[in-house]
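Next come two complexes, and both contain chain A; in the first it sits with chain B, in the second with chain C.
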Partner chain A sequence: MLERIVKAYNEAVFETDKEAAFEVVEAALAGGLTAEDVVFKVVIPAVEEMMSNITKDPDANLAQHFMTAQIAAEVTEKMLLKFQQPPEIIGKVVMGTAHGDLHSLGKRIVMGCLKALMVDVVDLGVNVPAERFVDVAQAENAQVIAISAMMVHTATGENGASKVRRILHERGLEERIKLVVGGAPYRFDDGLYQTVGADAWAADGVNAGRIIVDLIRGIKKS
Partner chain B sequence: MTPLDILVAAVNGTPAPRIPVFCSLLDQGARELGMSAREYFANGEHVAAGQLKLRARYGYDNVWSLFYVGKEAELLGCNEILFADDGPPNVADFVIKSYDDIAKLEVPDDITAHPAWQETARCLKILRDEVGSAHPICAYLTASTTLPSILMGMDKWMELLLTGPADVRDELLRKCSDFYRKEVAAYRAAGANVLIYSTPFGSTSFVGMKRFQSLVMPWMQRDLAPGGVDGVVYYCGMAPFNNVIAQVMDELHINVHYISPLAELAEAKAIIGNRGLTCGVIDDIKMIHWTPEQTRAEVKRLCDIGKVGQHFLLGTGVMPLGVPEANIRAMLDAAFEFGSYP
Partner chain C sequence: MSILHVSSASGEHRLVASDGQSVRDLLDTTALRVRAACGGSGTCGACIVRFISGEVSPPTVAEYLKLTPEERAAGQRLACQLRIRGDVHIELEHPAPPSEWKSIVPENLAEITASRPELSAHRYGLAVDLGTTHIRLALWDRRAGKRIATRRGANPQGSFGADVLNRLEAARAHPEHAAELAASAREAIMHAVRDILARDIGEVTPMLAEIGEVLIVGNTAMLALLTGQGGEALLDPAYWQKKVEFQPVDRSAWQQPWHLPNARIVLPGPVAGFVGSDLVADLLATGLTDGPPGSLLLDVGTNTEIALWDGACLHVTSVPGGPAFEGVGIRHGMPAEPGAIYRVSRSSGGYACATIAGETARGFCGSGLTDAIAVLLADGCLKSSGRFAVSPGPEGYALDPANPATAITGIDVDAFQRAKAAIAAAMEVLLRQAGMGWGELRRLCICGAFGHTLDVGRAQSLGLLPPIDAQGVELHADASLAGGERALLSPDGAQRFAALTDTIKAINLSLIADYDEAYINHLRLRPIAGAPSP
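== the complex of A and B ==
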């Protein structure tokens, strides 16, 4: 039965059909699955499946990324209310768009996926000064700072990720807080993330979730 | 032959000494005139002067009437633009904050009477008078399915497009399509003759093929129906779209395609063939850190693929300010060298 549910849910997400995805979830609950099962055995595997599809399938598109994240976040939010006990949170990320950048779509996709992956997100919104990223990450004990930039000058400018790297270095935080970047300019130049001093980059919002989880685990292990 | 003649020859596949070479230097104009971005873009004479100086300095073929993409939002009521001296201006205040605002959104009856159009008109007049007889004048026009992203923000538009009420979505699309029709007529009347139809949702990198065919294509047909496609260039904001070129040619009759640097140029050229113009585009984000030699090698590669059988133009994306002058020169020198016909 679980296999059938997962397949139906994945198809709905792939077709960006939110209504159908929720119907699958309702039917699964009615059929005896717990809220925990829905999140850990259906939603998270679906996000992971989409991560792998995006990498393999050249026709994967932004609408699928967006709906994967939105559906995952909404289902998870609903299911969390029904959990027997609060789930274990993997870690915390502070996220926003680079200084001067007002494009919030990428951030929203990443946040949706992270919610389903049990990562706490502190959303700083758009046009965030570099100091604020670091101040909040320090205050919140976050393991990762994630910066989204959709324009070349906000991705590479001196007030964006490069400045965050400089502040992390000055404050001696580089071993405790990792820096990840994403957004269109990085897709056109896959070495750009190193130029701006980031530890990692993600080619899309869905895979950003996996990369952030890996960075959090790396920090916790060390 | 003038650069305009060379462009026409490339479209038609008639003899010419070289390929057309387009370069999009927009924000560089402020630096060229030694002023801030805010000051530069406030005045159409500045923008025209910047374009003319840049074209004269580097020798490429085209000039631009585009100030910044948010100009279209200003024509629809946006009052706040965030200027930066190291990159393009951004829309800082969305005209549509809730679905109720869609009903209130007004498309001006006469775009050319709108205060936000006046500086564009002034810029176009200067460009037309100074170089219009010899050089292509480019204009940038956003398709109905993409314009909402600068009116309400990309994520809110995605939400409405994919999950919102269809009647609200269609009301917004209808208004955006009406706007496009008026805008393209205004640009044509003012002398623009290369009309970049910016339609990122016309790429299946944005929406799947099913939605492209059922939703995006009909709205593009509506945008383009009254004015036709003369001078129109299909452009998806640097997203790849090779898999829809044939449909766009058959159903929209647009034969000029501005290919993404992320797509296979040879594949695009094979699809378009001698039915239109393939525009090969260099990855100008990589040009920020490439050496002049790397830039030159990439131009050669693109010309080697595209030049065969003519019907080819070499162009750039919206060249970032971070691209060194040496690379701009290397790109253009190589384009004229490797883009020459014997």
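== the complex of A and C ==
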């Protein structure tokens, strides 16, 4: 039965058909599957497959990535409410858009993927001052600060990622908290993330999920 | 509608003419302008063309006065006197030197009956719609209530970047760029005015002194760049919700280089940091607030601006959902110019592409792109996800297999999905702000050239336009210019702008928590689900 559900769910996700995906999930629950099984055996493998496919599938477009990430996030969110006990969280990320930047969509896609991958996300919203990123990451014991910037002046500006890097350095947090960035300017210049002092960057919202999970695992190991 | 076939040194051209239109008026809307130094009255005799064949009006008195019997026997006619009565073939041997400026096609102009009989001096007035991509303007004899001529040309600031952000960034980074951006837009406006005076009146310098008002509307970035101030503030979110003011620092510094000693320069204030005075001009032109509650205005341009009238309040916002409809980011995208596919229909086993001026298809304008995607979706070639049922590869799916410029690629579909989702989500947010549902929409005013050739039903099938009866849909092509013209011809134009601006509630979508979710939900290619009326 599980195989059939996985196939039907993956098909719905491939078609970016949210209503169909929820129908599959509802039918699976009615058929006796637990919410935990839905997340760990259906949704997460689908997200992981999407991540590995994203660079291989030349026909998948941005709109489809947005929609699939949204489906994963919504299904996971709904299933979490039905969990017998709180799920095991693999780590925590503090996320927001750079100071001066109000473009929230990229952040939203990353958050959707992270939630589906059992990463706790503290969303600081848009136009976030550098100090706040670090203050909250410290208070929340987060492993990663993720900053989205969609404009050249917010990606490279002195109040964005570079300032977060400086504060991390001043407070001696660089081994405990990693800094990742994303957004259009970093795609146009793939060395830009280093210029602004980030540890990593991702070309799209779905891959950002994977990179952040890798960073969390790296910190937890050390 | 007839076809005017023009043979010239630049090649053979086919233009669509309306019955009774003069050859000059038609050619003035294209790059094939005749020489001219009067307003088409036949007094300058410069617009000579050679008639070859077809149905036309007989020679007029002016032509007998200006052309010798030999010239007339050789088929020479004055283009301003020569009216098209059927398919016509002419030769244009001596066109005017190439110019950036063309007349606006008459069907895009609003009919305005207003005048300022009380004006005793400086009776002329200029209305300008300063767009990101195009500048449109109209010169009026305000006293007589007569539109003398119009022009449309590229905004020269485009060399600093097609989109607003690149230009603001250039102005912020280098003060000399800021000065250059401001000067280039002001020079362009004056070139167009001089072009009108030279070609449509026949006198330049004395007429400049007769211009009593220049009224300019535009989006906030254009106004900031034009006045050379405040551009930096527009990049700072702290200013986005606030009322912003862009006025010339020194009016005489504009009047002098313009040689307009008597012109009042009027820049009606924009609504907020992200909604310009061009939208207020749209509201004036369409009379949106005179309509029923549930009236929606959509101005699809480089930025798309949207207004919803709920009977008491105007909810307004702006989204960056437009460039795809002007061909930006579309493989074979192009503006609505000759050779652009504007309509796609099925024909025996394949598709037929209708192009502007009937020329060989060179690409898609906004309505053609919409039509193509709608037809491919309806026929199952495309799926609601935006994926092709069978991948056509990077070259895309050619509607006409013999013409690669008729191809739609997966990337084009993606750009379309993201543009239409941004617009649909913005409309949804406005409806929510007003406490209304999709089912309560009664009137839809589509402004901008985009709507002109749009098949509304097909746009609705993709979720680009809301579900609303066809009778409720109005097309207003150059509405921002028309609003500026109305203000120019009204003694209290500035107050009418201000009064409308005061009823507006501007909504910055970046601060609306569920906008992103609405956006993602509107990415699928399907009609907007009409929520039942409460």
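Here is the rule we use: the second predicted complex is superposed on the first by the 222 of 222 C-alpha atoms of A that agree within 3 Å, B and C clash if a C-alpha of one lies under 4 Å from a C-alpha of the other, contacts with A are read in each partner's own complex, and residues count from 1 in each chain.
Definition applied: a residue touches a chain if its C-beta (ideal position, glycine included) is under 8 Å from a C-beta of that chain, and two chains touch if they have at least 3 such contacts.
Here the structure is a predicted model, which is why all the values come from computation and not from measurement.
Participant: Superpose on chain A as described above, then tell me if chain B and chain C fit or clash.
Facilitator: clash
Participant: Contact-wise, after the overlay, does A:M67 reach chain B, chain C, both or neither (first, second, both, neither)?
Facilitator: In the superposition, A:M67 touches chain B and chain C alike.
Participant: Applying the touch criterion given at the start, work out whether A:D189 contacts chain B, chain C, both or neither, answering first, second, both or neither.
Facilitator: A:D189 sits against chain B, while chain C stays out of touch.
Participant: In the superposed arrangement, which partner chain does A:L2 touch: chain B (first), chain C (second), both, or neither?
Facilitator: A:L2 sits against neither chain B nor chain C.
Participant: Does the superposition put A:D59 against chain B (first), chain C (second), both, or neither?
Facilitator: The answer is both, since A:D59 touches chain B and chain C.
Participant: With the two structures laid over each other on chain A, which partner does A:H103 touch: chain B (first), chain C (second), both, or neither?
Facilitator: both
Participant: Is A:I89 in contact with chain B, with chain C, with both, or with neither (first, second, both, neither)?
Facilitator: In the superposition, A:I89 contacts neither chain B nor chain C.
Participant: Classify the contacts of A:M151 with the two partner chains as first (chain B alone), second (chain C alone), both, or neither.
Facilitator: Touch status of A:M151: both partners.
Participant: Touching A:T16 in the superposition: chain B (first), chain C (second), both, neither?
Facilitator: A:T16: touches chain B and chain C.
Participant: Going by the overlay, flag which of 115-123, 403-411 or 493-501 in chain C ends up clashing with chain B.
Facilitator: In the superposition, chain B collides with chain C along 403-411.
Participant: Under the contact definition given at the top, report the residues of chain A touching chain B in one complex and chain C in the other.
Facilitator: Common interface on chain A, chain B vs chain C: 15-16, 18, 59, 61-64, 66-67, 70, 100-105, 108, 127, 151-153.
Participant: Could you please specify the touching residues of chain A with respect to chain B in the complex?
Facilitator: It is residues 15-16, 18, 59, 61-64, 66-67, 70, 100-105, 108, 127, 151-154, 156-157, 184-185, 187-189, 191-192, 195 of chain A that touch chain B.
Participant: List the residues on chain B that touch chain A in their complex, please.
Facilitator: 82, 84, 86-88, 90-92, 153-155, 158-159, 161-163, 204-209, 211, 238, 243, 261-262, 283, 285-286, 288-289, 320-322
Participant: Under the touch definition given earlier, write down the residues of chain A that touch chain C in their complex.
Facilitator: Contacts found on chain A: 14-18, 58-64, 66-67, 70, 100-105, 108, 126-127, 151-153.
Participant: Touching chain A in the complex: which residues of chain C?
Facilitator: Touch residues, chain C against chain A: 165, 169, 172, 235-237, 240, 383-388, 391, 394, 410-411, 413-414, 417-418, 421, 508, 510-511, 516-517, 519-521, 523-524.
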